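Down below are the structures I want you to see.
The same subunit A turns up in both complexes below, where it pairs with subunit B and then with subunit C.
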Partner chain A sequence: MVNALAPETTERVHSPRDAGSTGSAVDGRRRTRLRRRQAVVGYLFLAPTLLFFAVFLILPLGFALLLSMSRWAGFDLGDIDPVGLDNFADLFVDGSTFLAPILTNTLLFALGTVALALAGSVLVANCIDKLRLQGLWRTLYFLPIVTTVVAIGNVWKYMYEPGGLVNGVLNALGLGSVAFLQDPDTALPAVVVVQAWASVGTAILILTAGLKSIPDSYYEAAALDGAGPVTVFWKITLPLLRPSLLFVCITQFITGLQSFALIIVMTKGGPGDATNVAALEMYRQAFSYGDWGTASAAAFVLFAVVLVVTLVQLWIFRLKGEDT
Partner chain B sequence: MTPSHRTGGLSRRHFALVLPSALLVSGASGCAAPHQGTGRPGDPIVLTLLSHYASGTLKEALQRPVDEWNATHDRVKVRTKAVEFTDLLTTFMVRQAAGQGADILHPYCLWNGQLVQAGVLRPAPSEHTEEIRRGYGGAAVGASSVGGKIYGYPTEVQTYALYYNKRLLREAGIARPPRTWRELEDAAYRTARRDGYGNTLVQGFGLSTYDDSTTVGQTLALLNAAGGTFVSADGRSTAIDSPAGRAVFDLEHRLVVKGASAPGVNVYKAFQSGQVAMVVSAGWWTGSLKTEMGKDYRDVGVAPLPVPEADDRRATLSTGFMLGVNTASEHPREAWEFLRWLNTEKVSVKSAKKGATATRMSSLQVSVGSLTGRAEDMRTLLSEGSDPNLRPFLDALAYAVPEPNVVGAQQAKSLLRKNIEALWTGQQSVDESLRTIRRQVDEEVSRSW
Partner chain C sequence: MIRRRFPWFSYLVVVTGAVLTVVPFLDMVMTSFKGPGESGTLPYRFLPEAFDLSNYRAAIDQLDLPVLFRNSVIATALITGSVLLTSSLAGYALAKLRFPGRNFIFRLVLSTMMFPPFLFFIPHFLILVHWPLVGGNDLFGRGGAGLTVSITALAMPFLVNGFGIFLMRQFMVSIPDEVLEAARIDGAGEFAVWWRIVVPQTKPVMVTLGLLTFVDAWNEYIWALLVSTANPDVMTLPVGIQLLQDYVDPTRTMPIVMAGLVLSILPVLILFLLLQKYYIRGVMLSGLK
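And now, the complex of A and B:
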């Protein structure tokens, strides 16, 4: 902020109008002093926040970076043993399960969750927007958000069991039972459905707000032109909902890439590694195996993935003309 | 790095690393450090004991001797803290990192290599080592040792045997529990039943996917019974890719493919409901089954683990817990003294014949339907009127193979579980599973920590 003022001050001194005017020079110095003082006060107000970020973000980040290039069992700081980039190399060495299936599962889990939650929430939000008692419907759909993941995971786990509700329905329809969480081919999709169901409430809330911001005049004009509901949805609602969709898409994707609580409750990453994801692997490496170096390296890889995915999403939306 | 190395001065590199991190750790520990007492007159030393005896009978059983100690000792008091077993290792890790590790730890022996390597467990002083070697069976001493050094008093020792449902076997025309793998397979196919939709009504032989311990425990028990081992004697490679390992994997694979096992079903619930004819599990389960099955417990029988051929030598897996002292404890001498009092001092046993004695820990374990590695105590405590289903586990103490507790043991176990599940669910063949386990586990246990 101080540096930003410097060119302005120089410009004023060289201004023909101010040149040779002692009074104006004094005013300029006063103004500079005042601005400097304001800047100091500004920084003072920022200090607690900066301190908070330094202690709880920058310091841990630096420590994690150090650990990602070290071997450490997690107890004695004196035992941190630098190993360079070995931990990163180990993650991608031939035969390592981190790239496939763990990172692949992570991306599929996030992608599946976002696709289902987005499609479901657009549909439901659009329907709710046309109903009475909208607050009630929004509350009902929001309920899974305020329910603990452990409860949700356990309830759905029982529903998916061979003698559970879902298979009961399938049997009642004359179909054979499916081992949803025990079959490696169905386990990940089964958990994705639950994660999407659990996160659809937030998306509905945001999209409903987005729908309310679309002026009625567009719909009135479309009605006068004789546009049908499908055309109205594709040509008016969806394009104008893009800012909300962008927000939902990015936040849900980040949440999806980082989440593991539901998986640990429902499948513990199994069968085999069929539902194992990066965050779960990091948790296990650090807290179960005492390998903080590998866990930290995996965390930085996941960070890179989240960053790239987010940038790609922003780029795609920008291509579509969305100014973020 | 050994604890003695760590007590030396910090190098410049270590100091640079310690400085920023110490700010966080000291801040955290300073906020909520447990009161340990100073030991000054009038201010007793308070030792904390962290275990997984978190609820129900286990919690009460541990609290009884602790209350007795506290009532009879003025200078040293013991305070118990407990978390569920599934959170125990994580709790050790987090509390230790935050400078809040308990004085006395109650780890699963599988983690000992990891905890010793991280400098958490203190080696037992020589006088305690002698008592442990003298009083406990080989499997218990082995489980409490790392690199030949003993790190604590063995508490519960679990051996694996075959649980079977007498009613289901009888209904299938089988008069006695299987003694060989051929009989086991035959009984499994004869007892298994499914409905028209493919739902399993009765599993002939239960295969658990509940967690690492249950999934891996039953496979390793069968592996030991076939004369194999999971990890080589030096702990630097896996030995599962052997004829014995192949035989176990073939057996389990056949049972799944032919429909006698349904790994998706929770075996531990299904057995209680009479939906599993046979399952391999550890002795701790008898206590739970008795409580939860009520009168149906009369259908439960326990037999020694079947061996591949009738004349094969018996062997099974043994796992265990121990009580050790934290390197960070400020009062190790007092902590060891409490452990000696709990684990070696003999007191009279009310339920047994007059004059019979056993340690407090042995009595505690039997009261919750479990065993210790003190065979002598167990025989005293199980002499009259006790559950006959505990007897095969006690007999197995003589021939059980301790679970390997090398540095990467927990991770090796998880890798084994993943590959076993991949085998059961058809993702991998027997050959692929054995090859993958060997590659992954070898890489883990041979790491130069």
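And now, the complex of A and C:
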């Protein structure tokens, strides 16, 4: 994932070598001893981390790759039956639901949440910037982020019910009730709204940081030229906010492509496959049907999609002369 | 152009958005106080007729809340403690010690942040099931349920966090080497240098990382669901509440579910309100989630 911090900071290296060495033989021996001691200590300090990465990163990656090219029924590791790329072929064979609707849903889900969250957060962040009590507002917008997906999913699921808040508002406005999560046409958009609602807070935070970094002199110059607030927003704020926007865009898109916890809680992928997404399908193949091979293959396909989408976004941004 | 003193449009947008954000939480709280037959009925009513506290008692009784709470606390404590410790140790080594392979390890740490979590659910689960010599397994990890029978299974895949190491390292790089060198000359070993000098200086970033980790661990759902499907004894709060929601009549028990949800998000909410400065800084640093 992309990070806000620059990955490498320039280090000021003051090794023991530079620290007042006179070049004598005694110093030399001391230096070697120090360096050897640092190496031992360094690896000692890193030992838990390296052990963890070996067991929970390297081993699983190899394991997942092996499984994705095998058929495996049971729990005995000796029964793993290599089948080459059959699992991948099965995902894309005619009549498979993986490409459509599942991958399509995944992309629509990610696109929808990014579009909604971005539009909402740009608007709100820009407006908060003009108000007092900014901390209070940001805290309010932050509530969904610190809340478990189980709470968010259940509250919204309940609000979408015929006797729930959303339909209550619709009825009060004289409109009929909508079976949001039961209707295949509305289920996916309904879940998208919730995911966007849950992620607006983070986006606001990052955009606010971006807004703060725009020099006041630009706005003063615009005011002197008599530019209205809308012009200022389109001609100054948005272009200068682009790095933050790109960052929000990429991270939210990645999150959107991968998320499924909310969907498990709200719809379990239904009705039918209307809200089924790739990560959920993978989860179900593995843990409901015990088809570890297909599930692992689906995981790698999703990984590839995430990677490609991210690279394409980065490429587009480069093309526009922006460095993220 | 006359500058408006009162930015009414901004207030309109921000207040509307804040209402949209807060109302679902209010609805949750209000529903948790509704009596039997008061929720899910038409027409919709926001306020309960009387503030009925019995749902909270029902949630505690039906959910075996103390056990869920205990499991959540243990898993969260294990994860947070381990992430802080390993991030600080590894961060120190990567920032301040010189040894062959350091740059390679740092790149490895960075790369771990790029792997999507779903890629690991299946292999992590299988690794825990086939962990040698525990939970009835033999040396080759066969025969039993492995580590999936223990609470540690909830925490295992989250004990080390690449972002945590990265964050600590970035912070520690700025600690002057002269201070560390002086301590070394005074005869302090590397462990003492880390514990006495580096750790105290990194307290703010430790709080930030600790809070981020705590919130994530407390709210984690998918992995906990997976582990407790294999062994219901290690169910956490989110999993337990979701289970209650799944198996009972939604119109009658919705208030009980909402009461359980209120109880489950309360600890993290209080902690967030107390330490939000640190949490917000953490999210801005990571930009993840």
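Keep in mind that, in the parts below, the second predicted complex is superposed on the first by the 267 of 324 C-alpha atoms of A that agree within 3 Å, B and C clash if a C-alpha of one lies under 4 Å from a C-alpha of the other, contacts with A are read in each partner's own complex, and residues count from 1 in each chain.
We adopt the following convention: a contact is a pair of C-beta atoms (placed from the backbone, for glycine too) under 8 Å apart; a residue touches a chain by one contact, two chains touch by 3 or more.
From a predicted model like this one, the values you see are computed outputs, not experimental measurements.
In the superposed model, A:R284 makes contact with subunit B only, not with subunit C.
Once chain A of one complex is fitted onto chain A of the other, the partner contacts of A:Q38 are limited to subunit C, with no touch recorded for subunit B.
Legend: residue contacts after superposition of the two complexes on their common chain; A:F63 is shown touching both subunit B and subunit C. More residues of subunit A are touched by C (comparison of subunit B with subunit C). When the two complexes are overlaid on their common chain A, residue A:S213 makes contact with neither subunit B nor subunit C.
In the overlay built on the shared chain, the residue A:F53 is in contact with subunit C alone; subunit B does not reach it.
Of the two partner chains placed around the shared chain by superposition, neither subunit B nor subunit C is touched by A:T231. Once chain A of one complex is fitted onto chain A of the other, the partner contacts of A:L302 are limited to subunit C, with no touch recorded for subunit B.
Contact with both subunit B and subunit C is seen for A:N167 once the two complexes are overlaid on the shared chain. With the contact threshold set out at the top, residues 55, 59-60, 63, 75-77, 161-163, 167, 171, 286-287 of subunit A are in contact with subunit B in one structure and with subunit C in the other.
Touching subunit A in their complex are the following residues of subunit C: 1, 3, 7, 9-11, 13-14, 17-18, 20-25, 27-28, 31, 39-46, 85-86, 89-90, 92-94, 97-100, 102, 105, 108-110, 112-127, 129-130, 140-142, 156-157, 159-160, 163, 165-166, 170, 173, 177-178, 181, 189-191, 194, 215, 218-219, 221-222, 225-226, 229, 237-239, 241-242, 245, 250-251, 254, 257-258, 261, 264-265, 268-269, 272-273, 276, 279-280, 283-289.
Subunit B contributes residues 1, 6, 10, 13-14, 17-18, 20-25, 89-90, 93-94, 96-97, 114, 117-120, 197-200, 209, 211, 262-266, 408, 410-411, 414, 417-419, 421-422, 424-428, 439-440, 443, 449 to its touches with subunit A in the complex.
Those residues of subunit A that touch subunit C in the complex are listed here as 1-5, 7, 9, 11-16, 19, 35, 37-39, 41-43, 45-46, 48-50, 52-53, 55-57, 59-61, 63-64, 67, 75-77, 120, 123-124, 126-128, 130-131, 137-152, 154-156, 158-159, 161-165, 167-168, 171, 197, 199-202, 205-206, 209, 223, 226-229, 247, 251, 254-255, 258, 260-261, 264-265, 279, 282-283, 286-287, 292, 295-296, 299-300, 302-303, 306.
Interface residues of subunit A, counted against subunit B in their complex, comprise 55, 59-60, 62-63, 66, 71, 73-80, 82, 95, 97, 161-163, 167, 170-171, 175-177, 179, 181-184, 268-274, 284, 286-291.
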